[in-house]
Structure formats: structure tokens, C-alpha cells
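In C-alpha cells below, several structures.
Both complexes shown next keep chain A, but they swap its partner, so chain B is in the first and chain C is in the second.
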Partner chain A sequence: MSVSETYVRYRQTLSEEPLAIVVLFVGLWMAWSLVSGLLNGGIQISGLASLVWDGLLRGLVIGLAGIGLSMTYSILNFANFAHGDYLTSGAFAGMATSYLIAGFGENSVGALLLVGAGGSVFGGALGIGVTTAPIAVLVGAIVAGVAAIVLALAIDRFVYRPIRDESGIALLITSIGVAFALRYLLQFVFGAGVRGTTDAGSVPRVSVPAIDGTFRVTAHDISLVVVAGGLMLGVHLLLQRTKLGKAMRAMSDNEDLARITGIPTEQVIRTTWIVGAGLTGVAGYMFILWKGTLGFNDGWLLLLLVFAAVILGGIGSIYGAIGGGIIIGLTASVSVIWIPSAFGRAAAFLVMIVILLFKPEGIFSGRTTA
Partner chain B sequence: MSTDGIRGRFKGLFEHDLTLVLAVLGALYLAYILAGVAFGYGLRGQLNSIANLTFFIGVFGMMAMALNLHWGYTGLFNIGIVGFMGIGIYTTALVSKPPVGDGAAQVGGFGLPLIVGVIAGVAVAGLFGLLVALPALRLRADYLAIVTVAFSEIVRFTMMSRTFQTFAVPDTIDLWLFTFDPAADTVGLGGGGGLILNYTNPLEALLRLLFLWEPYLGFVSFVQANVISNNPKPVLDGLFYGIVLLIGVGLFYLLLSRIGKSPFGRVLKAIREDEDVANALGKDTDRFKLTAFVLGAALMGLGGILWYSGQGSITPPSFRPNITFFIWIALIIGGAGSNTGSFLGGAIFAGLLYEGPRYFKNLVQTAFELGDAPRNFGEAMAGFASLDPMPFIVYTLDNVSQLRLVIMGVVLIWLMHNRPEGLLGHRKETASSVDLARPGSGGSTGKPAAADGGDEQ
Partner chain C sequence: MSLLEVRELDAGYGDLQILTDVDLDVDSEEYVTIVGPNGAGKSTVMKSVFGLTTHMGGTVTFDGEDISGTKPEDVIHKGLGYVPQSDNVFAELDVEENLEMGAYILDEVPQEELRMVYDRFPILEERKHQRAGTLSGGQRQMLAMGRALMLDPELLLLDEPSAGLAPDLVDEMFDKIDDINASGTAVLMVEQNAKEALSRCDRGYVLANGQNRFEDEGTALLNDDEVRREFLGG
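The block that comes next holds the complex of A and B.
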């Protein structure tokens, strides 16, 4: 290739994709400022490691919740804006169970079931934590998943199924109604306050040495990694070993054709809700356990990041949702090196917008649903 | 079919619309006045209540009509409305707030007249509309939705961040050919604390602009002398601001119906029905969508300015996506695609869903002595143990401000199930400029000949 040819191609790229060039330069600038920061000591490696670890955990939550969103998005063909509130509902159900098991006998059942609404019981006083109350946490996580499944199936039966044949936009608008109703019902029952849910002081922690310092890893970090990793592996196996994955792919391509071929579409939809909502509920519980606070708005605040992850990974791909989740989580956490911390989430949204512009089918496209 | 016939029918339609609007507004006002009577309001209280209702009818009506340009006419699924509203009012505040000296804790502005601030706010909202639309309009409807809501959240983060809390304005600015000395020393977005809107009262600014301020003050003293002796100005201000908003609604209506009937509007509707066809017919659909989006965003900015400029202060939490969804619910109640419907939806939403539950609660509390509400849901449910539903009922009433959002959600679901076209959506204007009704069928108003994607069968 001659020099002039390269030059012409370069000119062509410059004129056709001005945004791509901008993105490239922003990327180069970020890499440069990171390297120079590390070299002159402005950024500590241990601080960076701590941000990466935080982003990874956040990303696992987003990815776990994103699997469900991604599957329903591709099969039912609509963006479910109520998904974040499924996550909150699961978290409240699970945490209420944990409170009940950990504090039964000493506190009033009502206060425990309301997760200490109005400051009647405190999670710290009950000693909620994976080492201090392992059974309460285990049962809580399971109940969170089950509650989210029951909720999702009931809402599907009464809200989405009657308008299954409507356009994706009609379903999207309906899901906004579901989100409103769910979120403010939760506020009505559990109150508007954000409560601390774990006994943060007694969670075992180790300091992992990084080159110029240490970063902290807690038992809740580890349990989040174990649960999220295990469930992701489980979904992978489920979709690989059963025909569910294939049926789901067929449905997302063409539902009528899938039905003609003998795929029980309603049953596949139900299974999808069960898998997706179960993962979302557990994700919500682990998220609350990990961050130690619970409020009725948590899922809604996470929802846009989950959307970003799902779009980034390509709608319908569970690996995409996991990968996208981790990328989005890392972006939201690590970006504070370059920009003020108030814009961490904004950076994640920007990544999503950039992906939508250049590769709207997602970066893991072509590998849909297992 | 003769032109006269069409025009005559059209005229009949307009009269019909006007009566419908007046009937709905009359019913709403009557309900509020009756509620006021039940509360034992005096004239002052009644006027306050009416001013409040008028305010929300005005702002929701305007915003629903602006959204109708995006969704009802062009089919652009914008759920970032509140972002444009925030940009509008923050720009106005920045431009029109009086300057403060160095070292003052408060954030100042450039101290320009309010009208300049309003124009700047509308322009900047439109500019950001362009910024969003340029890349985003190529996207699918649901992606556009996610991008716009993400945009509105980015706007809110920007308002909240400490980075943009204050800027120091240099004493002199050199602009190539000329230098000037701005009066402001520090400007900014105020961070989490928001901005105090300490510029001229918007009503006063408007009336002064129209040379009506002196007559207005005369009217106020007349009322003080004859009707309400105890400081009537705040009440009258509220009432007149409501009237200004209703005039604004009228102007929005005129502008948007004019756009809708123009060749430009017909292309927008054609894009809504089938973008590929419009493209194939030689229309540069991207350009049309861009223009419509920018215009709608500017109108949303204006709506935001009118909504918040009289509030005394603005804080970032007011600009959560909830407001966007309120406006969507209003539009869906009224019916996307029809300007009258949009306004009706806004009025009904404001009167029944937004303000109604609070009035209902007050009404019940006036009628029955209910005592103190339980502090939380547990105490509310405890009553059922002794078969006493009262604590639960009192708790429900006490939390009606949250429950109204539940009600809104349920209403939205119900509408999507039973009447997705809303009240007047069946009158969605067609892209065609000629009457599509079959001759002889006597169709009343150019019914869409199944051109709207089968929404109506």
C-alpha cells in the first residue's frame, strides 16, 4: 500500500466518521493522563486497584440484573422500565426475611418485616452479614429471587400478556406505569427512608497489597463474586444443555414461525421471566448486602446502568449482558480518575451512547443467548 | 367534496373542541370550587386554590402539547423532557439573576433583563435539542428513549456537581475586536443547593414589557379597597400568572396546529406513519426530524421556564425523570396526535391525578376527625388485628402524595390496555392534506384510512 493510498484512506475516515476521531483522541488522552499520573505519583496503583475492584463488583450486579432484562428485551421485544423495581422488590423481600430470621423473638415481627421502617429496627443491631448471620443471608437471597419471580409472573399475567401483540413502544409505556406503581407501593409500605441494612463493622475484611499500598476486600465482596459467578455459570449451563436457549433465539427472530415449529411460546416466555426475574431478585439482594443500605429508589437508579450494559453487550446476549455490565460498572467507578466523581454515572451513559452510535447491535453481537 | 363542505365541517369540529375543552375545564373548576366551599375557604382561599389549579393545567397542557410535536406528530420517543426544561430555566436564571460581588456565598448571574434570559433559555434548550438529536435520531424508537432519558440524567448530574457550582467571570472579556466588562463576578449552577431566582418577578417583568404594570397595580389597589382588604397582591399575582399560562397554552396551540397543518407538518406525520415511504418520496426525513426535535425541545425549555420561573428557587431534585413521565401520562390520557387532546390530557392530569388526591385527602380530613396518622405501615396494619381498619385508612390518606404515583401508574396501565389512543387520539391528524373519507360514507372528519399502522381497526 502506497503512502498516498494510506493518506486517502485516512482523509476518508476523517470526513466520514468525525465522531470516531473524537472518540479516538479522547481515548488517547485518557491513556496518556493515566500513564503520566501513575508515573509521577498523581494516581496511586492501590487507589486504581481499589476503583477497579469496586467497579468489577458493581459490574457483576449490573450484569446479573442485565441478563433478565436482556432476555425479556429480545423475546418480548420491549424495554422493560419496571425491571429496576423488580430488583428493589426482590431486595426488600429478601432483606425482610433476613431481618425476620436474624431478629426473631427479640423484636416485633412487624418492624422486622418492614425492614425497620421508620428506624424501629436496625440491620447493624441485628448483625446482618454473611459471616455473622449466614443462614439469614442465604435464606434472604433465595427469598429475594423467589419473590421477584412471583412478582414478575403475576405482572406478566395481568399486565403484559393481554397486550402481548402490541408494539414494543406500547409495552414500554405500560412498563413505565408498572414501574411507577411498584416503586411507590414499595415506598408506601416500607417508607421513604434509606436504611442501613448490614452490620458493616463486623464484616471481615482483608487488605490486599498492591504495589504502593493496599486495597480492601470484604467478605461481602467475596460473597457477591461467588453468587454472581455461580449464577452466571448456571445460566450458561441451562442455556447450553437445554433447548431453552435455542427456543428463545427462535422466538426473538420470529415468534410466529417459532410457534408454527411447535415451540410452546407462552411457556418459553414464562421460563424466561422465571430465570430473568430470579437472577434480578438475587442481584438486588446481593447488591443491598454489599453496599449496606436499602431505599425504595435503588433499583430505579440502577436501571439506566443496566440498560447501558444490555445495549453495550447486544440485546439478547447473556454474555453480552455480563460483559457489558462489567464494562459499565468499571466505567462508572474508574472514570473518576479523569473526571469529577459526580459524573461517574454520566460517563457510563456516554459510553452507552457512543456504542449506540457506532455499533448499535452491541459489541458482543452475533453470540445471542448462549 | 366541495371546499366549503370541508371548511364548514372543520369549523364545526373546532366549535365542538372548544365546547369540549370548556366543559372539561368547567367541571374541573367547579369541583375545586365545591371542594373549597367544603373546606370553608373564604374568597381568598378560593382564589388561591383556583390559581394553583390554573397553574398546573397551564404547565401540563403546554408540556403535553410540546411533547405532542415530538411523539404525536413525528413519532419521536423522547423521555428526556425534564432535561430540556431544566436547561431552559437554569439558563434563564444564569442570564437574569442579579450579579453578586466577589466572595459572596451566593451564586450570581449576568443581571440581564428577564426577557433576554427567557429568549436565551429557549435558545439553549433548542441547542441542546440539536446536540441530542444530531446523533440520536438515527436510532430506533426504544434506543432514542434510553438515550434521551440518559441525557436528562446527565443534565441533572451536571446541575448537582460541585464542578459547575461556581465560575469566576473575568473582569474583562477580550473578543477579538472589542472588549467588554460583564457585571457578573461569579456565576454557576449552584450545585446541590440550587439557585435562588432573585430576579424581577416574572409577572411584573411581563406586564412592564406590555406597559400594563401601572394599570395592574391600580387594579390591585382597587381590589384591596373593595374586595379583599388584607394584602391581595400575592393572590392576584398567582391568578394573573395562571391567566398568562393559559394565554401561553393558546399560543402553543396556535403555533402547533399551524405547524401541523403546514406542508412541514404533513411530512412529520408521514414520517410518523412510515419513514421509509416519506424518504422514498424524496423528503429528507432526517432534516425534518431534526427540525421538529429542536423546535419541540425549545418549546419544552419555554415550558420549563414558565413552570419554574415564579417558584423562588430551583434545585436539581426537581428535575428527576418523574416529571417527564407525568407529561407522558398527560399526553396519553389526552391522546397523542391531537393538540386539543394533548391540552385536555394535561388539564385532566393536573386536575385529577396531580392535584386531585391531595384535595380528596383534605376533603376527607375536613369531613371526619381522623386524628394522627400512624407513623409507618406496620402501625397502620396493626389495627387489622383488632378488626379496626381506621389506622390503615388514615395512613393511606396521610401518604396520598406517594399513592397518587401508584394511581398514575395504574391509570397508565389501564389506558394502555383499554384505550391506548387516549381521549381524542382517534382524531389523530392524517398525513394527507386531502380528505381521505370515502365519498358517501359521510365520515365526519377525514378519518385515517388505516394509515396509522393499524392503531384503529
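The block that comes next holds the complex of A and C.
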């Protein structure tokens, strides 16, 4: 190929795909700065491994919460902005239960149930942790799921169901109202302070060797991986193998045909809330257990990342929610190599926008709830 | 008494009335066709039988039971199957899952009916793990019929089964419908392809402006001068 031909070809690519070129150069710059950082010791491999591990765990929480958001979107046709506050509500209910079980008898029940509002009780002092208080944690996780389910069903019954035939926008705006109401109700009851919830010092940890050092893996990391992985597999089996799961996919695909076929649509909607909210409640609890702090804003702050993950993965697809969650989690975490940590969330959204520019329908598009 | 009796039916969508005083009968094992110009309300008759329209007056009786205004998810329990004209398969589900959904109201997937559907439409068995959205138009139509046959209905409602099919598939589709009817299922069909449909059915109705215009044996309608002039293009 002659020089002039090559030149013409590059010019053409440059004018037709300016975005691809920019992304390519940014990618090259990132790769170069990573490699040079690793070579000159500015970035350690163990540090990188630690960031990847942290991002993966964050991604699992986002993905687990995202499944619920994606399911309710595909079956009810509206984006539920209160989803993040279902997560916080589940976390508070679960943690209150864990406090009660771990600290019963030694502390006032009121202080325990309010998750130590105003510094009356501390999670660390109660020894909350998966090894130090396994029963309190297990029951707490279950209660978190159940509480989120009860809340979601109650809100659906009294708020969303009466306006189900309205447009998606009406439901969306309503859900924003529900989100605010829930969030400030939580603040009113439990207070605005962010409290430590676990006895971080007593959580068992191992140091995993990584060439030039080690990175830390705690028992709470492992619990999060096991619980999130197990629940994701469970949802997969539910949707692919069970009759009700197939009916959920059928309804998200074609609601009119589902009704003609005799699928009881209200029952499917109820199941969707149960599964979606249950996962979200448990995700909230595991998130709080893992990061060790709890505040009334946690779910709301996570919600935008959850939305980013779900849209990135292709809204309506549970595999998209999981995949998108992991991409978003990794990006938010690993991006500190290149940019200040305060911009981690911004980086996650930037990655979402870039991926959507190349694949506007999302990575796992064309597969609703499947 | 007929299997399906529609008497003085008024129906439509919301405030918009489409059908006025429509009468229609389908006997057990009978093959009945509704023809008529676009906008005559042919599909609306089908939808009204299945509870998908706003019921405004008159009655729909099936097997002696008044089912006027019954919801579609309940009508399916009475022994009727309905194949809508478009969007009649679950595109995201595979072929076999579509058929399973056809028998959703039963506790177990009926193996005998599944076998019958596969025998009737062998292509569906070959493609049972293929996503329905990737099937051709003809295969989708067969899947939609197969889905409706999973409950072995007494009456099958078919809305334009030949719409959008390649010409060589149209004959095959009509042959399949003849077979289904011959094995004892009554058929009520709406068709654009009026001549072909009338030549195959037992009885036909000509509908115009949401009202009955003619009713006779299929071949008699085909040979009726007035029907030919007004509705069959001479």
C-alpha cells in the first residue's frame, strides 16, 4: 500500500470517527501512564490489585441492586427512583436487627433498634461482624431482604398500583417523591449521622501476595462475594428454569400476549417486587456490613451508579445489570490511578457515556430480563 | 345451541364504538370466516370475544356460558384460544418456552398436546431452542398457533393468519388450518385473503362498518353477485 493511500485512509477514519480516535488516544495515554507507573515504581501491582478487588466488590453491590431496578423497569415500564431508598431501608432494618441480637440485655432496646442513633451504642462495641456475631449478621441480612420486600409491596399497593395505567413519566415523578419521603423518614427516625456499624478491627483478614507486595481480603469481602454470587445465580435459575420466572420474562417481553395466554399479570408484578426488593435489601445490608458505615443517604448516593450500571448493561437485562455493575464499580475504584479519587464517580459516568455512544442500546441489549 | 353465540354485540375501545348489533355463531367443529373491507371491525369481533375491547351491549355466549366482558386472562380458561395478528409470540423466549407459556394455566406442561403441536409443525421441534424473535414470519405464525393449541381449545380464533406471509407459504398455512379444523377444533378466522378463506370454510360472514351484511355458506358467498361486486372485487 502506497504512502498516499494510507494517508487518505487515515484522513477518512479521522473525519468519520472522531470520537473513536479520541477514545483511542485517551486509552493509549492511560495504558502508557499505567505501564510507566508500574515500571518506575509510581504504581505498585499490589496497589492495583487492591483497587481491582475493591472495585469488583463495589460492582457486586451495584449489580445486585441493579437486578431489582432492571426487573421492575422491564415488567412495570418505569424507572423506580425510590429503589435506592429501598436499599437504605433494608440496610437499616437489617442492621437494627443485628444490633438487637448482638447487644440484647446489655443495652437499651430503643438505642439498639435505632442503630445507635446519636452515638448511644456503637457497632464496634457490639462486635458486629460475620465471624464475631454470625447469627446476628445472618438474621440481619434476611430481615433486610424481608423489610425491603414488605416496603416495596406496601408502596406498590398504595402508591404505584392506583396509577399503573398512567404514563411512565407520572410513575417516575411519583417514585422520586417516594424516594424523598422514605429518605427523610429514615433521617427523622434514625438521625442524620453516619455511624460505624462493624467491629472493623476484629474482622479476620488475609494478605494475598501480589508480586511486589500484598493486598487485603477480609471475611466481609468474602461474605459479600458469596452472598451476591449466590443470589445472582439464584435469579438466573429462577428466570430460566421456573414457570414463574419464564412468565416474568414473557410479561416483560409482551404484556398483552401474556394476558391472552392467561398469565396472571398482577401476580407476576408482585413476584417482581418481591425478588427485586429482596435482592436490593440484602445488597444494602451486605454493602453496609462490608464498608462498615451506615447513613440515611447511602442508597440514594448509590442509586445513580446503579442506574448507570443498568443503562450501561442494557436496561431490562439482569445480566446487563450485573455486567454493568462490575464495570461501573471497577471504573469508580480503579480510576484513582489516573485521576483524583474525588472524580471516581464522574469517571464511572464518563465510561457509561462512552460505551453508550458506541452501543446506544447497552451491552446486553435485546434480551429483556434474560 | 351453538358453541359460540354472539348476539346484538356493541363493542369498541373506550368511548369509540366500532361494532353495532353484530350477530355471529360458530358451531362445534365448524370453520367460520369473517371477511370485509378494512376497518369493518373484523378484528374487533375477535377481540371482543376474548375480552380485549370495551363491552357496550349484547352478549357473547360460549358453551352456554355468558362471557361478555370477561377479562382475557379468564377467557382462556373457558376453552378458547386466540392468535392475534401481530406480536403473537414472545420474541425473547425460545420456541419451547413459548409453547410452555401457552399452557401456563395448567399445573404441568401437557406432553400429549406438546407432541401434537410438534407433529403438526415439525419445524418447531427442530428449532425448539431457538429464540422466537429469530424465526421467519411463517414459523412465527406456526408458533403462535401452536401456542394457542397447547390447551387443546374447543374454538380457535385466528386473526389474519396469512398476513405478511410469502405467497407460497399462504397455501401451506391454510392447509394447516384445514387440518386443525379436521381434527375437531372449531375455527373462527378473520382474513384479508377473502376468496381463499371463503372457499375453504364452512360458513362466512361479511362485515361492513361494524355491522353484519351477509351470512351464508362460504361457497355461496363466493358465488353471490352482490358480495362479489361489493367485497371481492368482481
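We adopt the following convention: the second predicted complex is superposed on the first by the 349 of 370 C-alpha atoms of A that agree within 3 Å, B and C clash if a C-alpha of one lies under 4 Å from a C-alpha of the other, contacts with A are read in each partner's own complex, and residues count from 1 in each chain.
The criterion applied here is as follows: contacts are C-beta pairs under 8 Å (C-beta built on N, C-alpha and C of every residue); 3 or more make two chains touch, one makes a residue touch a chain.
These figures come from a predicted structure and were not determined experimentally.
Undergrad: According to the stated criteria, A:L153 is in contact with first (chain B), second (chain C), both, or neither; which is it?
TA: neither
Undergrad: Determine, under the contact definition given at the top, whether A:P264 touches first (chain B), second (chain C), both, or neither.
TA: Touch status of A:P264: second partner only.
Undergrad: Name the contact category of A:N254: first (chain B only), second (chain C only), both, or neither.
TA: Touch partner of A:N254: chain C, not chain B.
Undergrad: Identify the partner contact of A:P360: answer first if only chain B is touched, second if only chain C is, both if each is, neither if none is.
TA: Touch partner of A:P360: chain B, not chain C.
Undergrad: I'd like to know which partner A:A20 touches here: chain B for first, chain C for second, both or neither.
TA: Neither partner.
Undergrad: Between chain B and chain C, which makes contact with more of the residues in chain A?
TA: Per-residue touch count on chain A favours B.
Undergrad: For A:L185, select first, second, both or neither according to whether it touches chain B, chain C, the two together, or no partner.
TA: Touch status of A:L185: first partner only.
Undergrad: Of the two partner chains, chain B (first) and chain C (second), which one does A:K246 touch, if any: first, second, both, or neither?
TA: Touch status of A:K246: second partner only.
Undergrad: Which bits of chain A are touching chain B when the two form their complex?
TA: Chain A reaches chain B through residues 19, 78-79, 108, 110-111, 113-114, 117-118, 120, 159, 162-163, 166-170, 172-174, 176-185, 187-192, 304, 307-308, 311, 340, 342-343, 345-346, 349-350, 352-353, 356-357, 360.
Undergrad: Would you mind writing out the residues of chain C in touch with chain A in their complex?
TA: My answer: residues 50, 52, 71-73, 76-77, 82, 84, 87-93, 97, 100-102, 104-105, 147.
Undergrad: Using the touch definition up top, name the residues of chain B that touch chain A in the complex.
TA: 77, 135-136, 138-143, 145-147, 149-151, 153-154, 157-158, 160-163, 325, 328-329, 332, 375-379, 381-382, 399, 402-403, 405-406, 408-413, 416-417, 420, 453
Undergrad: Which residues, counting only chain A, touch chain C once they are in their complex?
TA: 243, 246-247, 249-250, 252-254, 256-265, 367-370
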